[in-house]
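Read through the structures below before going on.
The following pair of complexes shares a single chain, subunit A, combined with subunit B in the former and subunit C in the latter.
Moving on, here comes the complex of A and B:
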C-alpha cells in the first residue's frame, strides 16, 4: 500500500513537469535559442570575443540610421494608431446599426486584411505616383495642373503621409475586427434598460458602450502598437530608406551591408520595446479589469 | 521413406536444372562480352571535366547540361561533365590539384578576378598557342584584360554590365550639338555635361524630371557612383576619393540631381519606371532593365554610358574560360572553348541566363527584337572610345561597408547638401582601411593593368 501510495505521489509530483515539457521545449527551441544567438551576434566580434563595436556603430556611425529610425517609427505609431482606433470605433458603431447592405459593407471593410503589407504598399505606390491614378484623376478634373509628388527624399513629409494612408487602409481592418467583436458582446439588455429610463444616444454611448468596450479597445491597442514597431514592408515600398524605420534598418544592415551584429542589435531593441509596451498595457488592462469586477 | 519423388522424376528435374544453369551461363557470358565491348567503346569517347563558378544555379545548370553540352557531344563526340562550384572552392581545388601535380579539370569557367589570381600563381596555360578562333571578334577591352601576367590567360566567355536605356521619345528633346547617333554609338560628344543639358532640356520642355536612377535600398546606384562617375571624373574608383576632381564630380551630381526624378530614392530597379513612363532616361544593370526592353522593344534603345573628363568609366563583369596547366585533355577543352564562344551559342546563353555575348558577331545572330536591342547596346558600350574599365573590388564580408561609404557620401552631399570636402575627408580613411583590413588589392582602374 505504502509503496503504491509513494508511487502515486511520485507520478503526482512529476506529472505537471511532464505535461508542460513539450510547451517548455517549444519555447526553449523556438524562442530561447534564437534569442541567445541574437544576443551573441550583437555583442561578439568575428572571433567570438565580447565587443561593443556594434553598439558604437549603431549610435555614432555616420552610416547608421538608428536615431532617425527610432524617431520615425515612433512618429508613425503616434499618428497611425489614434486614427485607426477612431476609424475602427466609428465603423463598428455604424455597423452595429441595422441597415440594408450591412453584410456587404462588413466584407468590404475586411478585404485589406487579406492583402500582404508589401502588396498593400505597391497598390498605394501606383495610386499616388506622379503618373498614378490620383494624379491623373485630379489633373483630368482640373483640380491640379502639376502632378503632386509623393515620393523621393526631397518629399519626405509627403512620403510620411503616403505611409500613413497605406497603413490606415491596410491595418484598420484588424483593429475594427477586434472592436466590432467586443461591441457584439455587449448585451442588448443593458441598452434596453437604459432606453427604458429614457437615455439618449450620447448617454448610451458614454455610460454603457464605451465602458464595456474598454477591454476590446485595449486588446486592439496592444496588438496594433506591437505591430507598429515591426512596420517594414509598406515603408520599404513607399519610401525606401528616406523614412527609416527600425525593422527596415535591421533588414538593410543584414542583407545589404552584411552587419549581422548590428542587425541583431536592432532586433533586440525592437523586442525590448515590445516587451515594455506589452508590460505597460497589461498592467493597465489588469487594473481596469479588476476594478470593473469589484464594481 | 515415403519419398514423393521417384528416381526418374529427380533425374528429370536435375536435367531441367542443368539446362537452366547452362542457359544462365551462356547469357552471362554474352552479357559480359557485351559489357566489355560497350565499356571499351566508352573509353574511346573522350570525356573531360569542366569546372565553373558561373551558370551554377539549378535552372542554368539544367540548361548547360541538357542543351549546351548535349549539342556539343553530338557535334564532337566529346563528353563533358559540368561541375558547378563556389568561388572559394574553385581556388582551393585548382591550387591543390596544381600543387599535387595531378590535374583532373580540363576547363575552368570563372570571373576575371579569380582567373587573375590563378594566372599570377602560374596555374594557367597560355592560350595563344592554340591559334585564333575564326569567325568571331572580341572587343579590345576584353582582350586587354584577358592578357594577364604575360600570357593569354583566358578567352572572354560572358559579360554583364550596367548601361543606359533611353525612351525614343527623349530623342525629340536633345540639347544643342548632341545627335541621336552620338548617344547610340557613344561618341566623344556624349558626355556627362551633355547628359545634364539633356535632362535640363527635358525638364524645361516637359515640366517633368525624366532622368532616373535605382537609388532605393536594394538598388544598384552605388555602382554608378564608384564604378562610373568616379572613374569618369577622377580616373580611379578609390585612390582619388577626396581629390579636387572628386569635388567637381560631386558638384556635378548635385546639379544633375535637380533634374533627376526625386522618386529615384525609392526605386530598386528601373524596368518599372521606364515602362510606366516615369522616366525616359535611366541607368541600371542589364538584368534589371531587360524586362522593359522585352515588353516594348520598339520603345527603348540601350546606349553606352556618357564620358567624363577622364574617359568613359564603366563596370565590367567578365567571365572567362581557361585551361589549367597539366590539364588531362587541353585539345578537347579548346574545342569546348571554340563551341562556347560561337556567336550562336552565345545568343542561346543570353536568352537563357541574361549573360551577354563577348563576340561582336552575336548581335547579328540574335533574333530581332528585345535581345538584339540589348546586345547592340552592350556591344556599343564595349566598343565605345576612351573606356576606363572598373572592376568591383573583392572585399568579402567588408563589401557592404564599401557600398555604405559611397552611399553615405551621396546622401550627405547631394541629398542633405553638406560640404563635399568635409564629408569626403571624413570617409576616405574608412575606405582605405577596408582595403588594409582585408588585404585586398585596389581594383582596376586604380591598380592599372
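Moving on, here comes the complex of A and C:
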C-alpha cells in the first residue's frame, strides 16, 4: 500500500513534465533548428566557408531593396499603429456604454479578427480599384469626374494609402480586443467614486480611465509593433514590390532570386527585431504575467 | 442621466442620436467592405465593368467557377487538409501541455509558461526560409505535411495557452468529486474534465483551423505546386481579372465568417488570451 502510494506520487510528480515535454521539444526543434540553419545560410558560402557576401549584398547591392524595405515597413507602422490605437480606444469607450444591440455591435467589430491579410487586401482592392465601389460611387455623386487611381507603380503614394486603409480596417480589431479587455477590468467603483465627487465625462476619462488603461494600450502597442515587422500578405496583394517590406523582400529573394543566404539574413533580422521588442514587453509585464499564471 | 419623473433635457436626446450615429458608422466601417466584396465576387462582368452599376444588379457563379478551374479548387482542398492536420498535430502536442499548466503545481512552471508566452510572440514566418533546406533533405519540400508541420509550430503556443485557460475554467470541485468516487486522474479527465471543456476546445480548434487557413508566408515559401489557397492567390490569382480576385477573397473569408457566427461567444476571450 505504501509503495503503491509512493509510486503514484512519483508519477504525479513527473507527469506535468511528461505532458509538456512533447510540445516543448517540438517547438524547440522547429524554431531552434531553422534558426541555426538560418545563421549557416546567412554567413557561409556554397563550400561552407564563412562569408559576409550576403551581408554586403543586403546592405550595399543596388539590386537589394533592404533600406527601402526597412523604411517602408517603419513608415507603414508609424502611420497605421497610432490610427489603430485611437480607433480601438474609441470603439472600446463606445462599447463600455450600455445600449440596445451592444452585443451585436461587439460581434461586428471583431469580425476582421478572423480575416486574413490576403483577403483583407483583396477586399480593399474591390473598393478602391478603378472600377471599384468608391470610384463608381463618387463618380455617380458627381464628386469626381474620373476614377482615382490607387494601384500601379506610378501611384505609389496611393498604394501606401490603400495598404493603410486595409490594415486599419483589418487589424484594428486586434488592438480593440486588447484595449476593450483592459477597460472591462477597470472597477466600476472608481468611476462611481469619481461621479460622487462630481466628475464630468472628460475628468473621468482623463484621470481614471486613461491612466488605468495604460498597461493595455502598451500591450497593444507592442504586439502591433511586433506584427508590423511581419507585414506581408496585404502589401503583396495591394502593391507587390512597389512598396517593399522586410518580409516581402525575404520572400522575393528566396522564391524568385534563389538567394537563400540573403533571404535567411532577412529572416534573422526580422527575428532579431522581434526578440528585442518581445524582450522589452516581457520585462515590462513580467509581474502581470505571473499574476495570471497563478490565476 | 435623468431621474424618473423629470423630463430629460433636449441635449440628452441629441447625445443619444449622435451616439447611435457613431455606433452605426462603426459597424458600417467593418461590414460595408465585406458586403461589397461579396457582391462583387458574384457580379456579372458587365455590371462590374460598367461605371454606372455601383451595386451590381446581375449575379453569376461564373467568377467562382472560373477561379476554381484556374486551380483554386485544388488549392482550397490543400488548405483544408493542411488546416486539419495542423489542428490534429497542435492539439495532440498542445492539449496535454495545456492541461499540465492548468492542473499541476510543479517546479519551473512559471518559467516554462513565460517561455511559451515568449515563443508565441516569435515571428514564426522566419522559420520557413531555413526550413526549406531541411525539407529538401527530408523530402518534405512542396508537401502539405511540410506546411502543416510549420503551421503547427505557429499554432502550438496559442493552443497550449488557450487549452490551459479552458481547463482552468472547469470547476476543480467537479474533478475532486470524481477522485472521491474512486476515479483515477485519467478517468476523471476523460469523464469529467474533457466533456466540460469540449465547447471551448471546439472553438479553440476552429480558431487553430482559421490560423492555418489564413497563413500565407510559410505556405508560399514551402510549396511550389501544392499551393494552399492564400499561397495560390498570391502567386497565381493576382494575374487574373479583378472579379476573379474578388471570388478568391470570398472563398478566403467564408470559413472566417462561419467561425465568427459559431464561436462568437468565445472569440473575445480567446483573442484576449492569445494577445495578452
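We adopt the following convention: the second predicted complex is superposed on the first by the 250 of 295 C-alpha atoms of A that agree within 3 Å, B and C clash if a C-alpha of one lies under 4 Å from a C-alpha of the other, contacts with A are read in each partner's own complex, and residues count from 1 in each chain.
Here is the rule we go by: contacts are C-beta pairs under 8 Å (C-beta built on N, C-alpha and C of every residue); 3 or more make two chains touch, one makes a residue touch a chain.
The structure presented is a predicted model; accordingly, all values stated were derived computationally and were not measured.
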State whether A:167 touches subunit B only (first), subunit C only (second), both chains, or neither. neither
Based on the superposed arrangement, let me know which partner A:107 touches: subunit B (first), subunit C (second), both, or neither? second
For A:241 in the superposed arrangement: first (subunit B), second (subunit C), both or neither? first
What is the contact status of A:122 with respect to subunit B (first) and subunit C (second): first, second, both, or neither? second
Can A:152 be said to touch subunit B (first), subunit C (second), both, or neither? first
Which partner does A:72 reach: the first (subunit B), the second (subunit C), both, or neither? neither
If we overlay the two complexes on their shared chain A, which of subunit B and subunit C does A:62 touch? Say first, second, both or neither. first
Touched partner set for A:99, first subunit B, second subunit C, both or neither: second
Of subunit B and subunit C, the chain that contacts the larger number of subunit A residues: C
Per the definitions at the top, what is the overlap between the subunit A residues touching subunit B and those touching subunit C? 125, 129, 131, 236-237, 240
Subunit C residues touching subunit A - in the complex, by the definition given at the top: 19-20, 22-23, 26-27, 29-31, 33-34, 36-37, 40-41, 48-49, 51-54, 93-94, 96-97, 99-101, 104, 106, 109-110, 112-119, 121-134, 149-150, 152-153, 156-157, 160, 168, 185, 210, 213-217, 220-221, 230, 233-234, 238, 242, 245-246, 248-249, 252-253, 256-257, 259-260, 264, 267-268, 271-272, 275-276
Which residues, counting only subunit B, touch subunit A once they are in their complex? 207-208, 215-218, 261-268, 276-278, 397-401, 403-405, 407-408, 412, 415, 426-427
Along subunit A, where are the residues that touch subunit C in the complex? 12-13, 15-17, 19-20, 22-24, 26-27, 30-31, 33-38, 41, 90-91, 94, 97, 99, 101, 105-119, 122-127, 129, 131, 133, 136-137, 139-140, 169, 173-174, 177-178, 180-181, 219-220, 223, 226, 229-230, 232-233, 236-237, 240, 247, 250-251, 254-255, 260, 263-264, 266-268, 270-271, 274-275, 278, 281-282, 286, 289-290, 292-293, 295
Residues of subunit A defined as touching subunit B within the complex: 62-63, 125, 129-131, 146, 149, 151-155, 159, 236-242, 248, 252, 256-259
